[in-house]
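Residue numbering begins at 1 within each chain, and the chains themselves are lettered A, B, C and D in the order written.
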């Protein structure tokens, strides 16, 4: 099983390849520090500059949020949830951290497999 | 299989029963109208005035969002995600509606079973 | 949210209705007694005399196994897993019972919603 | 995010390490050839010579079956399903292959992360 990794698309020449990589990649949007014991929002969005189809035979079926090796949460979607138009799948998870987070998101496209985000570190302060 | 339903806790006398019903019930928070073809945020939160434990043997393991009979999305959680303290599970889903929504949320507690929210209607305008 | 229930199709006249109900219903196949502490196989099959499509926009997306109010397990499928031909989704779960089981299975069709099986009781002996 | 891989335990000296690797690894049990268009059973079992705990804070929460980069199916379990005793999680999936399969299974332990099986190839004949 192959896991695709995000590549910095500013370093890529071909427009089609930029689009392909960006629209499949999960991006983690959250603050860089969290307060211990308080609810902390983590948005996972698939695609940054580009959008992905939402067709029955080609859509983003799930995203996962991991903290290091630990599975935190998964959101599972159905085709058509984004109105069957190209768009960016998006979900906000809420966690209550007790120590430093090393977040990774995974996104699964029914045609182009599993994609792993860059790791995002969140410092947790008292 | 029994599905528990939300009851209006203002009509309930016993504090323990209010707490039991409220902390297990999924509540849908969203606007009452959406714009056709635009992203629409739907927050599902479990518990309104009360909080639920987040213990290994007793936590909210998943919430689902339905539109009428149609399954839209599920968020699956792991014990400890809320810092192993009582809190309210929360997730924001994003959909792009094309017609009137009749949203229902389900929440599953590993000790007290499945709970169905009241239905929330969302008008969709051009 | 509506949950569809199995009806005895031998009591139904119209062929199309027999087919509709049967092909969406989950059936639990297992022994009527289990030995305490030993692995016990529970097959869930969707459809008994009829088959269900396996198309991108119309397939059985998941089945669940419940013991009373307790969620035991879920199997999630992807369209095309049955070769894109009509067939009966099937999965075998294995559990180790410690007391009497009251099993219910749920099946979800992406076009025709959620279907609940009849309850199957399993006595557990020492 | 780190994915653990199976290692041949006959090459490992330390008993604790053999046990650790074996009890977390998913093993695919199926025939080496399948008939095109016919139902084909694939058993996924976690652990071969060793068993894994089934405790609330330490259990196998899910297994996945992949065909190359394509996600086929997932089975999600709850703690206690194996009677809260050490055992081997097991599930049988059924697919209808149309071409050569390259199966990989993943297993997730709530304490020790994600484990990837060796790939199993299945030739599909007419």
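Just so we're on the same page, a residue touches a chain if its C-beta (ideal position, glycine included) is under 8 Å from a C-beta of that chain, and two chains touch if they have at least 3 such contacts.
Computed from a predicted model, the values in this text were never measured in an experiment.
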| item | value |
| --- | --- |
| Pair in B-D, B-C or C-D that repeats A-B, with over half of contact pairs matching by residue number | C-D |
| Chain pair with the higher count of C-beta pairs in contact (A-D, A-C) | A-D |
| Chain centre separation (chain A, chain D; CA means) in Å | 25 |
| Distance between chain centroids, defined by C-alpha means - chain A, chain C (Å) | 33 |
| Residues of chain A engaged with two or more neighbouring chains | 61, 70-71, 76, 78, 110 |
| Footprint of chain C on chain D - complex, ascending | 37, 39, 54, 70-78, 81-85, 87, 89-98 |
| Chain C - residues contacting chain A, complex | 56-57, 61, 76, 78-79, 110 |
| Residue ranges of chain D touching chain A (in the complex, touch as defined) | 1-3, 61, 66, 68-71, 104, 106, 108, 110, 112-114, 116, 119 |
